Amino acid sequence: MEAVALVTLLVALEYFYLAIMVGKVRTETGISAPAIVGNEKFERVFRVQQNTLEQLVIFFPSLWIFAYYLSAEIAAALGVVFLIGRIMYARGYVADPGRRAPGFIIGSLATLALLLGGMTGAFLEWL
Amino acid sequence: MEAVALVTLLVALEYFYLAIMVGKVRTETGISAPAIVGNEKFERVFRVQQNTLEQLVIFFPSLWIFAYYLSAEIAAALGVVFLIGRIMYARGYVADPGRRAPGFIIGSLATLALLLGGMTGAFLEWL
Amino acid sequence: MEAVALVTLLVALEYFYLAIMVGKVRTETGISAPAIVGNEKFERVFRVQQNTLEQLVIFFPSLWIFAYYLSAEIAAALGVVFLIGRIMYARGYVADPGRRAPGFIIGSLATLALLLGGMTGAFLEWL
């Protein structure tokens, strides 16, 4: 389970970095809190962080339930795939929102595999 | 605990579905990323997903702490109540934002029961 | 671990309170769902809740992994620091967005300490 914990915190660290980027681009673009719109560059970085947040809320529980009921090794490997997808997503989106799809799809498929695999594992245990 | 894991992932699956709906309605309404405003239909579906996200971040920890310190069976049952409330919320909100209250209240009360029950259970154990 | 569970749910309770505040200020300011912009007071309270959400998604996993691999007592203590920081943040931000920094920094440093400490603990166990 240590590998699952490490992957969890590496993903958390990438997200922490994104949150710092939002603060930085807020200063650069002059979009003062509480505003969240009004500058394309700010909105891209902000949406990258928000979309990552939207994913993490189900990625973490799916990762751990999969790890517990099916396999910690495969869970950790899918977690690494998720992390790579999310880094691709962030880089693509900031360059051009039209390039956010590949990373998004990789991350979503990793989450879906963890979710459905975890569900299968918990269901088999429950029988 | 398997029932708690299954409820967790069913709720995650409903949320995953909502995220797909946001992508779909983005295409339909022509609200291109990073924009999140400008079309009432898009904003409704987006807010349904966002509000579900806002709830999940405390629903999951409350569910598991209640399950661990009080009762896994009651936790799973309250989790099903939460899920039903959130489905009602999503359907009501998309039809008319004025109809979002009943599902919202059911979901919030389930979360509050899990939160306060979990707190009581952990506190009694801590004594 | 009971202290960690209690801190988790106290933080969840503060967040639950913030969500109620958003609903209340929606009624007061007449910003009807699905709108999330258009009134400075509403936007401040809404951003406080949103930013807390943004933090919680990595605070909770970091807290528990730190507690499990390093120390439950120190984790709970850092969790209390986080909670105090977030209360300062909320009060400061609503009064004046320019006063949100101190609470934000305290909360972020607590999260970062939990994240990096948890990573160290899990890594040492993994070796």
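Letters A, B and C mark the chains as written, and numbering starts fresh at 1 in each.
The rule we apply is simple: a residue touches a chain if its C-beta (ideal position, glycine included) is under 8 Å from a C-beta of that chain, and two chains touch if they have at least 3 such contacts.
In UniProt terms, the chains line up like this: A, B, C = MAPEG family protein.
This is a predicted model, so every value here is computed, not measured.
**Student:** Over half of the interface residue numbers used by both chain A and chain B, so same, or under half, so different?
**Tutor:** Interface between chain A and chain B is built from largely different residues.
**Student:** Go ahead and align chain B to its copy chain C using Cα positions, then give the rotation in degrees, nearest 5.
**Tutor:** 120
**Student:** Using the average of all C-alpha atoms in each chain as its centre, how far is it in Å between chain A and chain B?
**Tutor:** That gives a centre separation of 19 Å.
**Student:** Hey, what residues on chain A touch two or more of the other chains?
**Tutor:** 37, 53, 57
**Student:** Show which residues of chain A lie in contact with chain B when the two form their complex.
**Tutor:** Within the complex, chain A touches chain B at residues 37, 40, 43-44, 46-47, 53-54, 57-58, 61-62, 65, 68-69, 93, 97, 100, 111-112, 115, 118-119, 122-123, 125-126.
**Student:** If you look only at chain B, which of its residues touch chain A in the complex?
**Tutor:** 2-3, 5-6, 8-10, 12-13, 15-16, 19, 32-37, 49-50, 53, 56-57, 60
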